[in-house]
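In order of appearance the chains are A, B, C, D, E and F, and numbering begins at 1 in each one.
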């Protein structure tokens, strides 16, 4: 309700950002797997003040039928912000921005899912933004890939994602809300961790060609770190769940998790 | 167009209400059956200044198909207010209030209809509020059950309905518009007349537990009276229609009507 | 953006109209056939400052299926104005006016198309108004019938169309925007050129019975002229297309074109 | 409204109706240029609507209500009030009407009835201004069909005219920047009346006020709005794709003018019952 | 919410649940008039929402957030602010919920939760006025379900109450025709608290706080909003077409009153954690 | 726009296109980094639009129009005008486009073209203010496709830029509380130009300005907005799910920068024809 004010500097004389971070430092991140009981898979992520929950249902029958794909599953992503997740109340109906973000998230996740194993089915990914403080589409991808793994959907790997950007002429990683709003540019990205290939790429602001490449390289490094955090979250859930069951499979499971 | 004014008292020193009624007195009521030629069944009701028409079509084929129920007919109720039925012009598109009222009317009528006799079909009940002066959902139920009977839909009984409420600390029956707006509470209800069971129940305002029970008891008494008015309306239509046909069946028909 | 001003007189002392035309004179007209490569048929028309493009697709399969007609093709016309075609920006969503005009255009074109040759199919006619300066529904019919012929849809004839009207008490043909807005009435019409029967007829303003008949007669004359312009446009496209092919068929084609 | 013929009605019905017409007869016994009896009941929504009317045209019936509200004028007409007419095809009135958003034919109905009032300039909208650029009266006339046995357009047109003619509303004025009632009761400033008359073409015949069976087999219809001076103020060819000759249009105008007198009289008679 | 019985659930489930109830038991071991454990976490959206709460009722969970905006008052209540409550059935929370516009049962959920707050007049909307006729606070409380295992209404009601009770927003005043912050922090002016308690009727039994399995076989449900003075402030019979006797309604009120004390206490305890 | 491959196009087409690319060829004879001929016609809606352009990119064509209106500023930016760009997939332009509300790919098109203009901050919106807090110019640039043979984004971007560059509108000022024309004619205050260049990745190849056949078999596409200073002002990976390497992104930027010069020149040349 109270209007935010533009800070004087996004990076201070000591090279620290408004929340005290170094330029290549991620915000505190907490990911949890299996947070919802009704969904086939779920995960939550807190990245700074951004707080997002992802749920996965499927593979299951697709309605309406005419959306059915004959040679693979349809990956349907619905990214939604709660009305209270932003400074002004968001209108409840899905905005065009939410629809576009749903699409780019689906594009980022598709390459790692064996969609061709489930022709005619749908895999539903529902993302709810509880609190938005920058980087929501990236945090959504981080959480959604965990939720997919939690649902047992066959995947080649998890997909880590981060936004890189620019402020006061310097490249920075993991933009917060103020840096997004008052900075000089924003590059949300996601990668396949094993090949470093890029599966989400958007940009606004103004960057030279060299800055883009440097920023993406910073982003790849951050994504590789985030990938480890993702795997740890998955292991934590998995180990917890199986601890009183078959202990012998744990190593094997660990191998599988390391592959994701 | 001219704003209504809150009356000083809803019940005066003599215990009479703004329109001169006693606390347990219904407004003048007129119900007519078979008022529309195109519909399979129809009825109108005037209750005070409230004026409503109900039409029934069916059982007939249901579109869209995906709403079809395999073991019974789908009872679809559409309650609509005309734009000019209220002090300010109502927007033409159906409101959420109209959709909710459609649902509670369907819930109130369902128990008396042998829906299982018409699997996969739809029975359509269209209610149009021509003038709204309090108690429209109850008047709609009174008229709709007559329209269903007029359409020859097999029914266990008619469903009488009335709103009870509170004003100046006293329980009253059959609220008018002002009593609804400036009173202390409103309880629309409908009953199965043979068992006195309640099939519509909503409430707003503030009531003690004892007041609720007393109010419902007053409502049951009023509903039993309304049930007689309904049966008379049906007989009037029926006798009129058959008078020049088979006179011998009249007693039997009367018995059937008495059962409704 | 700048508000238009009502001219002092729509017809001056010399009997000439605001743009210098005589009362029975059409605006400069240019029709072109085959202007779009993706459509099965297309045409453009410039009539004064009105500029319209029409595209035809089909006969093709109809979605959604429930609109399918078993004994003939469904002629679906979508008339749309661009947001920038009018003085104030038009809202992007289709208006009720656009939907009504789509319907009357379809009614005007249907009588000349052998729809019964393509049961269950759809023939789509898309009309886009690039610039609107009066008479858009008539210009749309002129262009759409050319686009249908260009698509090879079997037709009995082309359909010429013009708006007649009244200003300063005199009947005039082919109303421009100002004449439409500040004049005394508007009669959009279309005819079957061989029988002079009328297939589009709307009117507003105020006319005596005699004026209507006289206006329609003027319109028929103008339509017959427009029909020649249409045939010339078709020939120009056709001759161009076949010039380096089979020269011998040209006469036969000319005959066919003359019949349209 | 629409062109039901190939989808719903068999050719036998059309042949039967035409063979009657060959003998100069209609299935309900009327002459070709004869309306069904017109019943107009005004003031049917007395407590909530500023004006209202229920109209029966045989087994077609509609109810119209008028609301008068105070609103802002449009920026480009600061001294003019506003009249809007809507009409719809409620599924209550016929098994042929759908639940859901209006289709093309329902939109046409609404627009044709609206045009019949607005193009005829029967309401002097300058007189609906309360304060230049600030407050004007907005007049909404909405029509709901109750029974559909053909010719909703004419029934709706009659109902709107009767409802407008019997509308009464409190005069407002601006006092210390707020709107207050003056205590006077106003009528809609009507300067003329135009009614719509619909003629169906079936084969080579022109029949006025078609019933549903006739609409279903008609080639086309022509609706003509005629005012008190016998001027045409709106026309609409619709309800099918059949063409009309110039002569048929002329004949139709003749019928419409003749029938408009009876209809306008009926409306004025009904309006007299409201003081 | 709805009446799933004939479509989704076999009769065996219903028989199983009733046979348990015959022994006084429920499938999750609760007494018939016992709620699932209620967990309330407030301040879950601290950086963006003026108030918020996450509520768990067993395996049902919802999150509610409150936004306080400054807006125009309605013309007919120039000195009153505005409270609106919405709730929905997000497909995230259950495989039974659809993507797309809300259906009847979702609309009912939203309206019943809204009514529980508004009809109880727990918020003194006169105190939400900043300047008569010009500026008022608008309070929006929106509920999103995260997990649906029955009884979304009560979970939503608790969440809205907890979010409203912990809402803090900057006081505004008008200075030289513009709005400025005074520097004070305000709470929502709550004069009462009413919570909704839902009782399902299954066969002849009344069970409070039904889980999904119970909702699926229920004959009907009765939701009762009870305030701090044990008054009923809203009721809604829904979730099925089964009738209720007067005695069953009386018993339901008894259960609702009893349970309302625990729920109101739980909300007040949770609210204490926000200064 | 979308990922048609598995649904519409056979694998043979993809193989054919890739086998050509192996030889350094494209099906229409262009080099991999070559645009189709760009034709720009400005002032195509001279009587009604303040600016307009028709752009052809081979057999893809679009028309863009600009309307300049006077409106209220947003409360949080009282001294700034407003620019909005829309684009759509009209069914006129291709048998692949549907009638009805826009789907995801149509929404993406609109948002990417809009972002290309707005993120590049080519319009100085402060100069679109007429009176602080009261009146600003609102600029709407809307694009309609006429023929779709691939690469609607770039065609739309060129058309919007050309239409904006040739927009002329009357200057307004406030006099005695009403808006009047000053008599001057203004242009849009453009401080920069950024154009979008789209590169499709097919197999291991990068091709610029893809035609429809190429779009249908592409693995993904990358759209890059480049301004006059060779800065990237917007990027969007879309049109498929194939990944991109860092090196491919770098190469794509190289192509985009090179092509942006030609396109900006073409726009400036076309704009010169309007005084």
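Just so it is clear, a residue touches a chain if its C-beta (ideal position, glycine included) is under 8 Å from a C-beta of that chain, and two chains touch if they have at least 3 such contacts.
Just so it is clear, the structure is predicted and the values come from calculations on it, not from any experiment.
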Chains contacting each of chain B and chain F, listed by label: none
Equivalent interface to B-E, taken from A-E, A-F or C-F so that over half of the residue contact pairs match: A-F
Whole-Å gap between the CA centroids of chain B and chain C: 53
Computed distance of Cα centres, chain D from chain A, in Å: 59
Averaged-CA centre spacing for the pair chain D and chain B, given as whole angstrom: 31
Centroid spacing, where centroids are CA-atom means, of chain C and chain D in whole angstrom: 29
Per-residue multi-chain contacts in chain C, two or more chains: none
Contacts with 2+ other chains: residues of chain F: none
Graph class of chain-chain contacts, one of line, ring, star, complete, other: ring
Complete ring sequence of chains beginning with chain C, oriented so that chain D follows: C, D, B, E, A, F
Chain D-touching residues of chain C, taken from the complex the two chains share: 3, 69-72, 96-97, 99-100, 102-104, 106-108, 110-111, 187, 192, 195-209, 212-213, 216-217, 220
Chain B to chain D touching residues, read off their complex: 1-2, 36-39, 49, 51, 53, 55, 57, 60, 76, 78, 80, 82-89, 92, 124, 126, 128, 130-133
Chain E - residues contacting chain B, complex: 6-7, 76, 104-105, 107-108, 110-111, 115, 119-120, 220, 222, 227, 230-238, 240-246, 249-250, 253-254, 257
Contact set on chain E toward chain A in their complex: 44-50, 52, 59, 61, 63, 65-70, 86, 88, 90-95, 99, 140, 142, 144, 146-149, 169-170, 181
